[in-house]
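Each of the next two complexes has subunit A plus one other chain: subunit B in the first, subunit C in the second.
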Partner chain A sequence: MLSKIGRAAIDGFDEFLYAMGFFARVLRESFLLLRRGQVGRRVLVNQILFTGIDALAIAAAMALAIGAAINLIGSSLLAEFGQGKLMYTILIIVITRELGPLLTAFVVIARSGTAIATELGGMAVGHEIEAYVAVGVNPISYIAAPRFLGVVISMTVLDVYFNVFGLIGSFVVVQLVHPIAFNEYFRNLFAVLTPGDLLSGVGKSLVFGVIISVVSLYRGFAVERSVTEVPVAGIKAVGSGFMLCILADVVMTSVQYLG
Partner chain B sequence: MGVAPELELRGVTCLRGGYLALKDASLSLAEGETLFAMGGAGSGKSVLLKTAAGIGIPNSGDVLYRGKSLGRMSSREEAAFRRASGFVFQDAALWANQSLFDNLALPARLHEPSWGPADVDRAVRRAADLVGYAQDLHARPAELSAGERKLVGLARALVLDPELLFMDDPSASLDEAAAERVYDIIAALKARGRTVLIASALSELASRCADCVAVLIDGSLCAVGTYDEAVTWVDPRVRAVTGRLKARTATPAWAGGLAGAWAEAIADDSFFLESAEPPTGEGPGFEAAARLSDIINDVEGADVATDGEKKDSS
Partner chain C sequence: MRFRMRYADKLVGLFVVAAALFLAGGIIFLGANQRWFSKDIRFETRFQSAAGAGAGTAIMMRGFQVGKVTKVKLNDRNEVDAELVIYDTYYPKVKEYSILELVTSPIGLGTQLLFHPGKGEALAQVGSFLPLADSEQGKDLIDQGLVEIPVKDDTITRLLAGVNPLIENANKTIVTINRTLTEINRALAGQSTGPLGSIVNDASDAVSHADAMVADVSAQATALVTKANALVDSVNAITKNLEATTAAIRDPTGLVPRLLDAKGSIKTILDDKNALYDGINGSIAELQKTLKNVQDISASLNGQMPSIAMTIDEGRAAIKQAEDVLTGLKNNPLLKGGIPARVEQQPQSMSMREGQFR
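Up next, the complex of A and B:
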């Protein structure tokens, strides 16, 4: 029993070290891709289109709904305590700092994380990755780096969109419940919005983007020989992505509020 | 000090999925030699080939290309090795999200950045002609049969006219005519002094082309030697693999097996000079196309010779 636990711990630690080495290589090749910008440029553009642009509609719909819900709940609840003005602070904290990056990450995991893991898994089973190596293409620079950059850039862009649509959604609901002038609403909002809020949201998006892309790539590359491993890779990419993003969110939020 | 072999494996051991796929394998391949790695299914032929080609990384041991370890090559040296080598996968391994043309063009675009689109186009079309693939090159691999994909995979490996070729079961999925063409291509490459490492269980193909034979059983290299030695091996386990190899007569089996008349023609240097299409333009693409033209002429010369022989005999 003890030996099994020990073996599992050693295997887990080995996998962690391997994943860190993989991450370091992806990071290095991504910098080189940014500097050279030739090999993999088309893959990068396609990744941004798929992850960042194609997901705009679903991210916008979610943001509008979340912004509206926060306003509906908050305005009725806070009014009971005579703290109606806190609505703007709560909107900023929930949408910009917390839910924006996290929900955007969930959208990206569900769409792009699974797509990357299963696509790479399919390529591995079909020996396409070996074929790239055989002709002299580095799979990390050609396959992994553009997808990594594409997801990180798209996550940040999507988070900005989520913020914009979330706050607009809230404004729309305000008009239905307590009509208020456009200028006044946004003046109140910007009065409580600090650079720290924006940096926190963007910082989380970047970290989540890194986590999602590296986990998905790692799971995809881990597929070895069977097509049945491909959906498993997709499932693992989603599970690990969710867990690591939530964990990272807890750590970053703790640092912000307790540090 | 002797000349280093073109390719050498020194005590290579490979673990794949928790089992020993290759155990302490050592062999060397001189320039211009054709080595057949023979063995049953799951004997480690593909692992041997991929490790020798630097696609798989050995757990221990070393693979050397012209005396230089693949694992210690600089990126420039590795690029030169990739430029000089080609790999034919057992299942073609074409990139599904690219057209056939892009599949064939990638090695050229990667290793010959000075080539213009016309040069790349010419080299791609000559490689497709060489393997006898005459269909639309803008199709996707999924639209092709397994045999057609195999031919395109071979064309991809040949597009830069490599000096070292790795072929994993080259006749798998092919019909008889296409397999014959592949045999002819191997013979033509051999005649041009290319070094070829083939993994195959087919005795007929080995009888035609092999200079050396290596027998793999359960990941172990049980026997390595020249073709003539392989014919005389008596170990029952080895004979179970090599038992159908035929002793060669005076005519080299790899040439005689193609066609008697062509074997004579290819032995005559003038054959190449007469049949080779002169390049019709300037530039690196024309040079590559011209080299491939030579091979096509060899192959088509073999077909003509075979037909002629059949007519004569009838």
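Up next, the complex of A and C:
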């Protein structure tokens, strides 16, 4: 029993070191991709198209719904307690700081994380990766780096759009139910919003993008030879992605509020 | 799908650039709204405590944020020196005698730092000191009516504003009572030289003389009691006399019969050797004779004048009654004083008018 635990711990530590090494290589190749402008740029554009633009609709819908709900609750319930302006604080906390980046991350994990893991798993099963290596193409450089950058960029940009739709779009939706003066709304909103809020949201999106892309790539490359490993890689990518994003969110929020 | 792939670069470029523009626009709007590019006017103030008035605390005026606290520092006198800024757009409102007021919500909704503009003509100098409303300087300015203080916004604050003077008054009263009690204690202990001390000392002297006064009062009371006893004795004697008199009146052989007796008190009235009685009796006898004569005349005329007979009978009956009355009068003790002497009327010829013209 003890030996099993010890072996699992050693294996886990080894895997962690391997993952860190993988992350370091992906990071290095990503910088190289940006500097050299190699053929991987086409993959990067496609990845942004798939991860960012294609996910924009669902992210926008979520942002609109959450923002409108907070607006409605804030303008009716909070106003009864004479704390109507607290609505803007809640809006900023939920949309910009906390829920926005996390929900965007969940959307990206569900859509792109599984896709990247299963795609790379399929490539591994089909020996495509070995073929790239055989012809002298670095698979990290051509396959991993564009996807890594694409997911990170998409996550960050999606978070910006989430904020845009959550803060501005919800205002438009609320006008249909409970009209609020445009000037009043944005003056109060930007009176509460701080650069720290924006930085927090963008920073979390960057971290979540890194986590999602690295976990998905790692799980995809981890597939060896069986086709049955492919969906498992997808499931593991989703599970690990959720867990690590939530863990990172807790750590960053703790540092932000306690620090 | 073909469109997406053909224009993938443009779509991605638009996607990223639009997001960057939104982000940049948001930051610029945020900066403009949070006055990153504005020149705010700096002032100073001093708090008793930084609780609720830390750096970043908004300074409000009639619901508008006109500035904020930028820095607080504990000074050598254990007071909190604070630096604040008033937004340049609101600087024209910062006239001389302007003050700040730190208002704490009674139901735990935080604190508010309010700005009350002064009524001076000139603007307050940049970097000058704005006193708090509860400081001595602030109170003086308010008392002199140099500050424009609006009506409080909410009911609770208004109530509190009304309650505060009451509490202050109550506090002053308690302090006064405390001082009074202290003074009383000192006076009772014989340590006070004030008016109360004099009163207590006088009271003490009076108490020391109380025994002599009581003895004096006791002696006088004894004399009064003796006199009262003598009076009571006199009253008792009078009462006994009255009792005896009453008993004599009640006794049929006592005073009344003696009064009514021919030799009694009536005697003194009627003791004229029965002259009055004889006179009356004689008169009655004469009258009886006359009536008898009239009866005789009536009897003679009886046949002709029965009415005269009847009249005469009635006259006789009346005479009998008069006789009974006279008998009653003779026997009546009220005629003790006798018959009063007649007052003779002066002749009319001796009037005053004639006297004057004599």
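Rule of thumb we're sticking to: the second predicted complex is superposed on the first by the 246 of 259 C-alpha atoms of A that agree within 3 Å, B and C clash if a C-alpha of one lies under 4 Å from a C-alpha of the other, contacts with A are read in each partner's own complex, and residues count from 1 in each chain.
In this text, a contact is a pair of C-beta atoms (placed from the backbone, for glycine too) under 8 Å apart; a residue touches a chain by one contact, two chains touch by 3 or more.
Predicted model only: the values in this text are computed from it and were never measured.
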item: Joint occupancy of subunit A by subunit B and subunit C, clash or fit; value: fit
item: Partner chain(s) touched by A:I10 [first = subunit B, second = subunit C, both, neither]; value: neither
item: Superposed model, angle subtended at subunit A by subunit C and subunit B (C-alpha, nearest 10 degrees); value: 170
item: Which of subunit B and subunit C A:G126 touches, first, second, both or neither; value: first
item: Partner chain(s) touched by A:R225 [first = subunit B, second = subunit C, both, neither]; value: first
item: Touched partner set for A:A79, first subunit B, second subunit C, both or neither; value: neither
item: Dominant toucher of subunit A (residue count), subunit B or subunit C; value: C
item: First (subunit B), second (subunit C), both or neither touched by A:I180; value: neither
item: Which superposed partner A:F190 touches (first subunit B, second subunit C, both, neither); value: second
item: Which of subunit B and subunit C A:V135 touches, first, second, both or neither; value: first
item: Nearest Cα pair across subunit B and subunit C, whole Å; value: 14
item: Shared subunit A contacts, counted only where both subunit B and subunit C touch the same residue; value: none
item: Complex contacts: residues of subunit A adjacent to subunit C; value: 45-46, 48-49, 52-53, 56, 83, 153, 156-157, 160-161, 163-164, 186-187, 190-191, 193-195, 198, 202
item: Complex contacts: residues of subunit B adjacent to subunit A; value: 17, 50, 53-56, 78-79, 82-83, 85-87, 89, 91, 93-96, 106-107, 110-111, 156
item: Contact set on subunit C toward subunit A in their complex; value: 4, 8-9, 11-12, 15-16, 19-20, 22-23, 26-27, 29-30, 33-34, 65, 109
item: Contact set on subunit A toward subunit B in their complex; value: 122-123, 126-128, 130-137, 224-225
